[in-house]
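Residue numbering begins at 1 within each chain, and the chains themselves are lettered A, B and C in the order written.
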Amino acid sequence: MNRPILTGICIVGIMALAALAAPLISPYQPAQIDAGSILCAPSSAHLLGTDSLGRDVLSRLIYGARISLSVGMIAVGISTLLGVVFGSLSGFYGGSVDAFIMRCVDVMLCFPAFFLILAAVAFLDSSILNIMIIIGLTSWMGPARLVRAEIMALKEREFVEAARASGAGSLRIIVRHILPNACGPLLVNATLAVAGAILLESGLSFLGLGVQPPVPSWGNMLTEAKATLGVAWWITVFPGGAIFLAIIGFNFIAEGIRKELG
Amino acid sequence: MLSVRNVSKDFTLSGGVLGFRSGIVAALRGVSFDVRKGETFALIGESGSGKTTMARIIARLTPPTSGEVLFKGINEESFRKEVQIVFQNPYASLNPRMRAGEIIAEPLMINRLVKKASLREKVVSLLKMVEMPSDAAERLPSQLSGGQRQRICIARALATAPKFLILDEPLSSLDLTIQARMLDMLMKLKERLGMTYLFITHNLCLVKKTAARVAVMKDGRVVEQGETGRVFSAPQHPYTRQLLFVARG
Amino acid sequence: MSGPLLSVRDLSVTFGRGAGEVAAARGVSFDIGRGETLVMAGESGSGKTVTSLAICGLLPEGVASVSGSALFDGEELIGMPPERLRSFRGGRIAYIFQEPSSFLNPVYSIGEQIAEAVRLHRGAGRAAALREAVKLLEMSGISDAQRAARSYPHQLSGGMNQRAAISMALACKPELLVADEPTTSLDMTTEAEIIGLLMRLKQEMRFSLLFITHNLAIAERIADKVAVMFKGELVENRKKDELFACPEHAHTRELLAAYEKVGRF
């Protein structure tokens, strides 16, 4: 276990635990309004201060972690799954199947991801589930290309031929022989994608198109922070810092995995 | 037992925007030869001669573009059990993530030859056949030496009790002393299990010692074939003569 | 100018430190006379490559520790400062690897690379060096030398790349050529051609040859003396005919027996 992985796991682990244990460790309810303590600086009562509605920043941060981390992981789960399916079909069968899928990839890559998502969100309502699905549906291209490349390389390896010579069918070959060996780069890619998805969700929420208040998300906490920037630094710094830490954490993990794979 | 009749194989190079062909490589051209039951037949050739492609066609890993490959005495349904192949590179023909025991057991499981309970027993007996200890089953390919990996490949090929075994350069990546031991083991196994061998090699000493009949390949064609003794003492084709000249130093 | 060209005494190469120490070569001693061909034979892991790399100072500094002596024409190579060693390498001692690709840079043409070697050691101008490169390629038996010089390594076959590597090695007329399994990855016929080329060039240019191989057929063909390496030690070092006729060490006998079985035609 190398340093980057350990550091990354620590950071992400703490966030994940906090998110899971939110009801237990959060000092206040995230939507709890305390009209008497509007825009209070960090103090012993409110460790990270309060926002313009008197809500405790720390509690919102912890509950916000739930949103950000789950959106990140599930969106990436969807995109990786789609990517594996399409990449496998493309890489394994080649020919016109491959050509067709790759042209689809090219077409989708023509559009900047963010605008695709904006367009989708404009038509559908922005529930958390929809956001996860949309991000997932617009980011499968990367994993697909990766899996396709790995499969095309592995397909020609002799141990795959040996499996065929023993009578193994295509499904068995893909599942038992190819995918386990293609895991590595895919894992690195997926980990980095989580960081990307968190950033995407934060961006959407910041623009008001993602998670809607009063549900706290690090992104929409920053929306409110826009107005209070000069006055209450803690409303900007802490959510921003959380996003920053999350992304660094996942990047470290990805780096560590990449190192292990050599 | 095996009849190769006028087999040709073309490979199309794919390229272009929609995957259309951009060129054709003729790997094999009108290759014909026979292998008799119980003998050791050697296919001699250097790289680019098409010998490995021929091996893969015989093992039905790729179809010929034209011509046919006929087996006599082999049941069509159990082809994958009765005809097996050992590849050239022991490092590449083992899945780096599977343990030796799992690798050997795979053909048994695919073909449902053995009940789950007696699987381990069968694997151990196969390991014994290739002169390896039973605890080797737990090792990963990366933990085995070149000779050991080759033995695992052979054990895997023998798992389905094949009648016809294709060996593509089985000795070339090994140390000399290991080669000698491996050769002894292979010939003993052939005797014991009554198999027919198709050796693909460029090692003429090996051919002289083991093969009754040979076919020499160059650039996708068979340039000469016949009984080993005759071909080596009175070669007809200039390429054969060149090979013999080089081998004699 | 008498006495052996290269005199190695008690050479040892160790990797790692402390508990994890591995001795790749131990107490190796041998001589190579002027104009002599010494074939270093052995199986994988016997230490033959490590020994020759150590002599030429090609082992990475922090990883390997080398002790012992290697006198090249009276000068001590082990422990020689890197700048001095560099003028030896390529100039008086040349090295050829098994894979020409470890020798040849894929982004420069063959001609440019050979010319660079010529310029470095003989200080010739650019145009003159390129002409010399083409001449050397011709000498190595490449028929269309002009075109070969303009080609890149990936455009030429393994055999031609190895010929190019030989040209580069001989660009500065070395006194000792170390060839580490140069033909192992080549076809039989190409191998024979390259070996023939090396012997011919050796005759013409009169250099000593240290040929490392596991193929005893090559040893039988070209060696004056054969040194057998086994598990890091040099177990036998004799004239070729004597070694093949009556081997003394058990491992040599084992090797020769295996050679009879699968190697000798």
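Methods note: a contact is a pair of C-beta atoms (placed from the backbone, for glycine too) under 8 Å apart; a residue touches a chain by one contact, two chains touch by 3 or more.
Not measured: the values here are computed from a predicted model.
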Touch-based graph of the chains, sorted into line, ring, star, complete or other: line
Chain of greatest Cα-centre distance to subunit C: A
Chain closest to the middle, measuring from C-alpha centroids that were averaged per chain: B
Approximate Å spacing (C-alpha centroids) for the pair subunit A, subunit C: 54
Distance between the centres, which are taken as Cα means, of subunit B and subunit A, whole angstrom: 48
Computed distance of Cα centres, subunit C from subunit B, in Å: 34
Subunit B - residues contacting subunit A, complex: 14, 18-19, 56, 59, 61, 80-81, 84-85, 87-89, 92-97, 106-107, 110-111, 153, 156, 159-160
Residues of subunit A defined as touching subunit B within the complex: 94-96, 98-99, 157-159, 161-168, 172, 177, 180-181
Subunit B residues touching subunit C - in the complex, by the definition given at the top: 46-47, 146, 171, 175-177, 179-180, 183, 202-206, 208-209, 242-243, 246-249
In the complex, subunit C residues that touch subunit B: 43-44, 187-189, 191-192, 214, 216-217, 220-221, 254-255, 257-259, 261-265
